[in-house]
Every structure is written in structure tokens, then in C-alpha cells.
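Shared chain: subunit A. Partners: subunit B in the first complex, subunit C in the second.
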Partner chain A sequence: MEIKTNEYRVWSDGSTVYYEGTMRLSSPEDYAPIQAIMNEMLAAKPARIDLDLTGLEFLNSSGINLFAKFTIEVRKQADVGLGVKGTTQIPWQSKSLPNLKKLFPALDLQIV
Partner chain B sequence: MQSHYGIEFPEAADSTEGVKLALHSGLPPTWSNCGATADFLGNLYARAAARAGKNVKETRHGINYLANEILENAVKFRHPASGAIEIEARFQQGRFELQVRNYAEPAVAANFQTLLQELTSRDPGELMIERIEANAMDDTQGGSGLGILTMMNDYGAEIGWRFTQTQDGEPVQVDTYLTVQLVQ
Partner chain C sequence: MLSISAIRKLLKPKSFRGKFILTVGTVVLASLLFSGGFALRNVHRLASDATLEIQKGLTRATTEYLTNYVDTTSLRVDSLINGTHSEVTTLADAMQSLIDRPQAAVAVGGALASDTQFNPALQYDVHGHWAQNRSGAPSVLSVWGYLLGADKKPRPEVQKLIRDTAVFDFLSTSLMAGGSQKLQVYYVGPKDQPIMRTTPYADQAQMFDKLYPGHNDANFWQFFYPGVYEGWQRWIKDPQSAPVQSDKVTETAPYVDAITGKLIVSYFHPLWTKDRKDVAGMTAADVTLEQLAGVVESVKVADTGFAFLASESGNVMAVRPEGEKTLGLQTANAGAGQGVTGVDRTLIKSNQAAIRTLKIPSGNETDIAHINLVHNGAKVPYIVAMRRLGKRNLWDGKIIVGSQLVIGFMVPESEVYASLFAARRSVDNTLQQIVRGQAISVVLSLLALLGVILAISKPISAGLNELAVAARRLKDKDYSVRIEKPSDDEVGEVGLAFNSMATDIRYHTENLEHLVSERTKELETAADTILLLNARLNEENVRLGSEVDVARRMQMMVLPKRIELDAVKQLDIAAFMEPADEVGGDYYDVLQAGNYVKVGIGDVTGHGLESGVLMLMVQSVARALEERGATDPEMFLSVLNRVIYKNIERTESNKSLTLAFADFRDNGEVMLSGQHEEVLIVRNNGTIERIDTNDLGFPIGLEADISPFVAVHTLTLAPNDVMILHTDGVTEAENPLGQLYGMERLCESAQRHSEKDATAIKNGIISDLMQFIDNQKIHDDITIVVLKQR
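Up next, the complex of A and B:
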């Protein structure tokens, strides 16, 4: 599964979803196709899902909301773990990703 | 009639470092203009940061996120017939200031004020987690207010809002002022 535009690219490989570029979509409806990739992976109930954000330069608050909602969805599944990988090279990640850990303390957050 | 939320607005500042942009209602700004304008401000002041020996990446990314969020709100809530948006920005000694003026329908402005009353009354970090949990329970909610809370909590931005209405039924003038010490 892959979504590719001039601005961003989202794709899955195994149980990891990768994000790249700039995501500044205007509403939850606009984020729905991306959410669908994530939900599909969750429906397959892998032992752990990883979100690799190390290529995601910019994300607006509607996008942060997408990740927050997904974190809560995974939290509801006792048998699915969640890992989120970010980078200190992209300032929004160090600032906003720790909020996900507050929502789901078992989340494995790596900002390296 | 005027109402005010959040921090006070500054006295009119005369600045050589400032940028003024007016997007007129004959050519109303679109969603993609928010990102493009935020990119423009971020890139412009990244150069200023480089000249001043300050962290370029923090400057560019911070301004990009904050300007984009404020402008997205201005476009989202703009009056269908009075869609003009005015933007004024400054970056001095690592402090970013942004002032945006737009016009909203009275009912839209009233809803926004109800939201602001709540957002400015409590700790933004706590409120953010609460609102995310509430949004997750209700799929129709698009995370309203989350942008404002991330700016205050994640970026340490201080924000003020001023609503001015000259006559009943007329568009409400919405002024937003954001200030933040982005880099030292």
C-alpha cells in the first residue's frame, strides 16, 4: 500500500508504516486514506506496529490528531504493541511526539 | 463591541524586520496558501537567524508550524464574503511575533470564543490530552483546538485573540497575536 503526492509519501512494509515529506492536509476526511493504511494494519493484529516518521519534515495539527487517534486505537488492543520512531533532526518531532507517550505509556517512542 | 482572550496585544510596533502581507477578499486565500505563506516566513527568517548566528532549523521549522496553524484557522473561519486576511510578522533576537487579522461570521466567531474561553482557562498540556481523548471517542470531531494547544504547550507560544464587531450581524473582525522566544 502506498500513497504518493508531490508533497508526501506514505507506505507500509511488513508491520511498519513509513511517512515522508510534508503533510498539511485540511481535515480528518483528507487524512482518511492515510488513516485507512494504518487501520488496515491494525485489523491484521500484528504483535507490534511501527510508525517510522523519520522522513516526515512537516506535519500540521490535523496530522498530529491522526497519530493521536491511532495511538488510542492501538491502546484499546491489548495484544498489539506500538512503536514510534522519530528524529531529533526534525524539530516538531521532539516537541510533539512525547504527547503520544502520555496517551499510551507502553508506546515505544524512539527519537534518535 | 470588543472581547479579548489570552495575552495582551503589543502597542503598534514600527519594525524594519517586519513583513506585511494582505490577501484581499477578491482573491481569497486557500488552504494551500497557508502552507506556502508559512514556508515563505520560515525561509525568510531562517536567513535572518543564520545572519544572527542562531539555530536556523529551529527557527525555520518553528515559524513554519506556528504560522501555518494560525493561518489555517484564519482561512477555516474566514467570512465567505469578507475573506481578506492581513498578516504581520517580525523576528527579532530569536523572538517570533505574528499578528493576523481576518473576518468571521458572527455565529462562527461566537463558537470560536466559547472554545477560546475553555482553552485559555486551564493548563494547555492537561487540556490537550483531555481533548484528544474526547476527540477519539467522537469521530465527528476534527480535533478542534488541538492546534492552539500544541502551539501553547509544545512550542511555549503565548497567544491573544481580539474580537471586534461594529454592528449586529456585521462580520466580526478577529485579530490573533502570537509571540514566542523560538531560539536564544
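Up next, the complex of A and C:
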């Protein structure tokens, strides 16, 4: 599965979802296709899902909301682990990603 | 003669009539040729099928006929030979019965001795040194020199043999009278007494002296028939060694009879001693091949078909002279040695390759072969039918072997298939006639049709011609032209339409000015209608946009008024909010209760009415809580979150918001709570402090209970210290290069303007920001709240 526009690209490989570029979609509805990729992966109930955000330069508040909601969804599945990979190079990541860990303490958050 | 350009003109006619005729003519010609060709093909196939069937039938009939003919002929030949065999055998049986009954032989001999005809006196011949009876008797008896005593008379035992075998003359005379065409029958005594009796009488010994010098010095058997006697002796010891056991007759190969000069075959039948332990001479008959050849040579198949009789080795014994020529045989007298002379006229030495390699059938069935002979340099196909005759004992000049004669028929195929060839010729002739007839009918049909087409096309093309002329005149601006008397077909309809169009054109051309003014009036009316419609459309757009307007006004409406801000004693407050293209979700408020001021700032995810409503909801809840005197910042935030969470759950909204509060006491103490953007402090000496609020709270509306994450950061503001709250619309604003404004630029800007009052600081910061953004699109709401401690 892959979603590709001029601004961003989201694709899955195995149980990892990769995000790249700038996501500035204006509403949760606009984020629905991306959410679908993530939900589809969750429906397969893998042992662990990884979200690689190291290439995601910008994410607006609706996008951050999407990740928060998804984290809550994963939290409901006892047997699915969640890993989130970010980078200190991108300001919004150090600011917003720790919230995910707060939502789901078992989440493996790596901001390198 | 037509030139090439003339032909091209014919094939590419310009007029409608020409095209019509060419098209119809081509179609008709094609269909005629197709149907004609199809019929011809069928006739041709029929003819070739018939010829093939006839050929098959003829081949079958010929094969059957030839086989029958060959079988019958071989039966005749076999029965002829068998007749001779039985004659020789009968004679031998009679002689044998006397050998087996010596008393009877003596008695018969004695009885015949009284008759001089059967007991002629022997005369000694001084020159030849042999004894022989004089002519006049029915048979001749020769007694060779080596059988005579000193008195020139036969030795006593020879004398006894002569008397005992006198009965031969008696039997042979009657035998010669009937049966097959025998040249002579004769008796030869056993090897130690080979006297020779021959009927009819001939000067036998004299002839032998002349033809076979030395015969009187050698043993008769050894001299004339080497191997025959020994062969028979072997039969006694080993009956299996006889090639044919049922018939003891042993034949010679055909040879030229020394006496008569005729081609003859000798048939020998052995006699046995009484105890059957040795050979006791033989009876024999010489038969000319004339009768046999007569049977073979009388065979006539078709015009020139003939038969031939050959030995197993391919030596041809009987064939008509023209057959001999056809077979390409070359006669050569084989080694004229002692005894008898054979004839060599074998197929293997034919001058025809096909004959040389001709296979003699291996079984006893008739074989049919098709071969090609070469006559005068041309190939001539022949049918050959061959069959083996009965097996016989043959003395080949050295030993006795088993041998079979072969009879063969040769017929030229042209004669067999003469009727077929005739039939094929007549079919071909008929075919040619059909082709000719077909071609003539095609041409005639085409000519007739062209005539009809020419006749039909004339009135049609006449109408078209008239149209063409009229159109040309119209083109030359003669608008008065009309088609006279249009016909009642489609061309006529076109003519009527033309007339009507010509009338129109005339009308339009002559009334052009009038028409233009009329059209202009029509256009004006249309323009009015469009303008009306456009106005209506605008109204519609306004109505659609009003929903957005409502949200925008709602957002702006709930913001604190200037008066409220000015009412705050301890702080100089200025705020700026610029919603993005659509309604944004930014929120800020200043709530005052007594000496306690609570300033909130937040950012609802997304834009639009829903975000606006959520913002409104937050504002109402915060206001209500403030009014109820909820002073504990942590509890304030947790309760607010729970209310909002439940409301979001009820409305099934998918949104959340960041929200932070700053609680100002009148002593300068400030308590920060809630997670939002960094809070910026510019001290009165110009130093910058940035306070991270990430650990002070959690997004509102995501979780039911956020109290574990809520914390309070306390700080103190001195007079002229400035606190700046903002939303991410500021730091994440983009310039045309796609760079974000960022915290550093905001800090630098705030620092630069910090000495001014709150409004000026706000204006300065916004001015710097707008300069940065330039003409780039504003993606998100931009909100800034500047609070300066008095």
C-alpha cells in the first residue's frame, strides 16, 4: 500500500509504516486514507507495528491527532506492540511524540 | 489502342455515372467470375474423381484378369508337363515291375524273342566299335563297344539284359503313338550295362559318334548325364535328399536337341534293382518345348501383351519373338560342352534395367509389378504378372536340384488403361468446352448488364448533373437559380432542398442589414438574461458561504473584548488572531474573577465549523469553571478535559485540542498548566526564557482522564516583564522558500519589541511575521497574546 502526493508519501512494508514529507491536511477526513493503511495493518494483528516518522518534516495538529487516536486503538489490543521512531532533527517530533508514550506507556518510542 | 492515361481515366472516372457503372460492373464481374470459377472447379474435381475411380476399377479388374489368366496358363503348363511325367512314369512302372519279377521278365523276354520285330539281330560296326540293330525295327538298340565281348557280340550278362528289356520296344511304340509331343522315348541300362533302346528308330550310334566323339570310350551315364545316377543313388540312401519325393521324374533344362535341332527337355525316370539298393537304369522321354511354348506364346493380353516361361534362375524358355524383343533378351548358346547344349537367354542379361532387376515371386501366388521399360528413349510403363509353377527335380548338368518354372505376363499399361485415357481425353475436351462456354456467358452477361446500367444511370445522373450545374451557378452568386421539375426520387428531394436553400440564401443575402440589427437585439436580450442569472448565482454563493461566515463570526465573537482586556489591572494585554483561509480552531481567552486572572490559549485540530464549535465549547466550559471559582489549575484542566472528552464522544467528533492556561496572581506569581506551545518570557532586561509546556498537560479530548499528566509550572513576573503566548500558526508559518518561521525568529522579534507596550509589541511581532510570510499562503490560524506585567 502506498499513498503518494507532491507533498508527502506514506507506505507500508511488512509491519512498518513509513511517512515522508509534509502532511498539512486540513481535517481528520482528509487523513482517512492514511488512517486506513494503519487500521488495515492493525486488523492483521501483527505482534508489533512500527511507525517510522524520521522522514516526516512537518505534521499539523490534525495529523498529530491521528497518531494519538491510533495509539489509543493499539493500546486496546493487548497482543499488539507499537514502536514509533522519530528524530530530534525535526522540531515537532520531540514536542508531540512523547504524548504518544503518555497515552500508551508500553509504546517503544525512539527519538534519535 | 488505349494509352495508359486513358486507362487510368477509365479506372478513375470523375462523373457519378462513371463511378456507378464501374462499381456495379466490378461487382457483377467479380460475382460472375466467382460463380463460374466455382462451377468449373466442381466440374474439374468431379472429372478427376471419376477418372480416379475408373483407374482404380480398371486396375482392380486388370489385376484380377491377369492373375486369373496367369493362373490358368500355369495350370495348363503344369498339366502339360505332368502329362509327360505320367507317360514316363507309366513306362518306368512297367519296366520296374519286370525287374521286380525276374521270372516274368524271362518269360516275357522269351515270348518276345520269337518275334524278330522285338528281337532284331545286332550288327557290329567296325568304325564305331558298337553293335546296333538295322533300321526297319520300331526301335533302335545300341550296345556300346565296352559291353561287347571278343566275338563282337554283347557279353552274356548284357545279352540277358537285352532279352529281359525287350518289352520296352513293345510298350514304347504304343506310348509314342499318343500323349504329349515326344521326340523319342528311350531306355538306358544300369551303369555297368548302359545299353540304350530308343523309339522311334534312328541311326543313334552313328549320330552320337558324329556329335559326341569319345562317347563310346566313356561310361554312358558319366559321359551324357554326370551326376544324375549318383543323385538317384543318394535318394535310396536318403529319401529326403530328393527335392520332390512324390514325383521321381528328373528333368533337364531346355537344350537344343543334337539330332532334330529343336529345343527340348528330357524327362528321366529312374529304375531300381529288385532289392531297391541300387539304380537299375532309367526310362526317359525327350519332349520338344513347342507344345509348352505354344501354350505360353498363345497368350495375348490387350494388343501387345505377351507371356514368357522362364526357369527359376530367369532363363527364358518360351516367349514370342516380339516379347523377346520387349524383354530385351539376348540369346547366347552356353558353353557347347559335352553331352547336351543349354540355351542362355536369361532376364538378368536383358538390356532393360527394369527387367534385370525384376524380382521373381517368392511364394506360389501371382505377383503384380509395375515397371518402366525404355523404348526408343521413352519410358513405357508395363504391368508384370508372374507366378511360379509346380516344383520339380531338375538336373542342372551337375547335380539334381529342386526347381520351379516361372510364368510371366507383360502388358503395356497404356493398353490396359487405354479406355481410361480415352475417357480422360473426353473429360478434358468437355472441360474445355465448359470453360469456353462459361467465358462467353460471362462476357455476354457483362455486356448486357452494362447496357442496362447505362440505360438506368442516365436519368439518375441527369438529375445529379442538373444539381451540379445549379450549385456551380449558386457559387457564382446567381441566387435566382432553381431546379426545374425535380424527379420524384431522392435526387429530386435534394433538388427541392436545394431550391429552398437557394431561396434562403437569396433572402439572407438581400436582407443582411436587417438581419444584423435583429440579431443584435436578440443578443442584447440574451445578455440581460445572463446578467440576471449571474446575480442570482451570486446570491446562491453568498448563501453557501454564510455557513463559513457563521463559524468565523462565532470564533471572533467569543474573543475577549478590548474593554475586558483593559479591565485587567496588573497586566497590559494585547492579542491578535488571524484565522486562516477557512475557519480555524485557535482559541484564546482572558477570564477574570476578583484579583485573579486566567489567560488561556489553545489550538483545536483542523479547521471549519466543527473546530469552531469545539473551541466555543472549550470557551464556555472554561468560563463556567472560572465563574464557579475553580482555582486549582490542575483540577481546572482535568475537569475541563473530562467535560470536553464526553462531549466529543457524544458528537462522535474526531478532534482534540492543545490547551494551556496561565493563572496570574496580583503578586506577580504565574502558574502555567496544560500542554501547548512554548511560553516565551522576555524579562525587563531583555533576556529570553522559553518554557516547555509538554510535561504540564496533555491534549484535551483524547483521554478521559488526563490528571496524571497535568502539572503546574510556577514563575514570577517582575514589572515590564513580557509573556508571549502563541499558537503553532506562528512558528510554522512558511515563507515563499518553504522555510518555517520557528521559535528563534519569534524570540528575536519579541526581544526586539519588548520595551514597547503590549499592543506595539504585538504589532511589531505580527509585522515581522507578515514580512517573513510575504505572499506565501497562510496555512493555519495565527494567534498571539502579549502580556506585559505592569
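The rule is short, and it goes like this: the second predicted complex is superposed on the first by the 112 of 112 C-alpha atoms of A that agree within 3 Å, B and C clash if a C-alpha of one lies under 4 Å from a C-alpha of the other, contacts with A are read in each partner's own complex, and residues count from 1 in each chain.
The rule is simple: a residue touches a chain if its C-beta (ideal position, glycine included) is under 8 Å from a C-beta of that chain, and two chains touch if they have at least 3 such contacts.
No experiment lies behind these values; they were computed from the predicted model shown.
In the overlay built on the shared chain, the residue A:60 is in contact with subunit B and with subunit C. In the superposed model, A:77 lies in contact with neither subunit B nor subunit C. Look at A:90: by the touch rule set out above, it reaches subunit B but stays clear of subunit C. In the superposition on chain A, A:69 makes contact with both subunit B and subunit C. Using the contact criterion defined above for the overlaid structures, shared-chain residue A:102 touches subunit B and also reaches subunit C. When the two complexes are overlaid on their common chain A, residue A:110 makes contact with neither subunit B nor subunit C. Subunit A uses residues 24, 26-28, 58, 60-62, 64-65, 68-69, 72, 91-92, 95, 99, 102-103 to touch subunit B in one structure and subunit C in the other. By the touch criterion stated above, subunit B contacts subunit A in their complex at residues 31, 34-35, 57-58, 61-62, 64-65, 68-69, 72, 76, 128-129, 132-133, 135-136, 139, 142-143, 146-147, 150, 154-155.
Of all residues in subunit A, only 22, 24, 26-28, 58, 60-62, 64-65, 68-69, 72-73, 89-92, 95-96, 99, 102-103 touch subunit B in the complex they form.
Taken in their complex, subunit A has these residues touching subunit C: 24, 26-28, 58, 60-62, 64-65, 68-69, 72, 91-92, 95, 98-99, 102-103.
Residues 582, 585, 603-608, 654-658, 675, 694, 698-699, 702-703, 709, 728, 732, 740, 742-743, 779-780 of subunit C are the ones that touch subunit A when the two sit in their complex.
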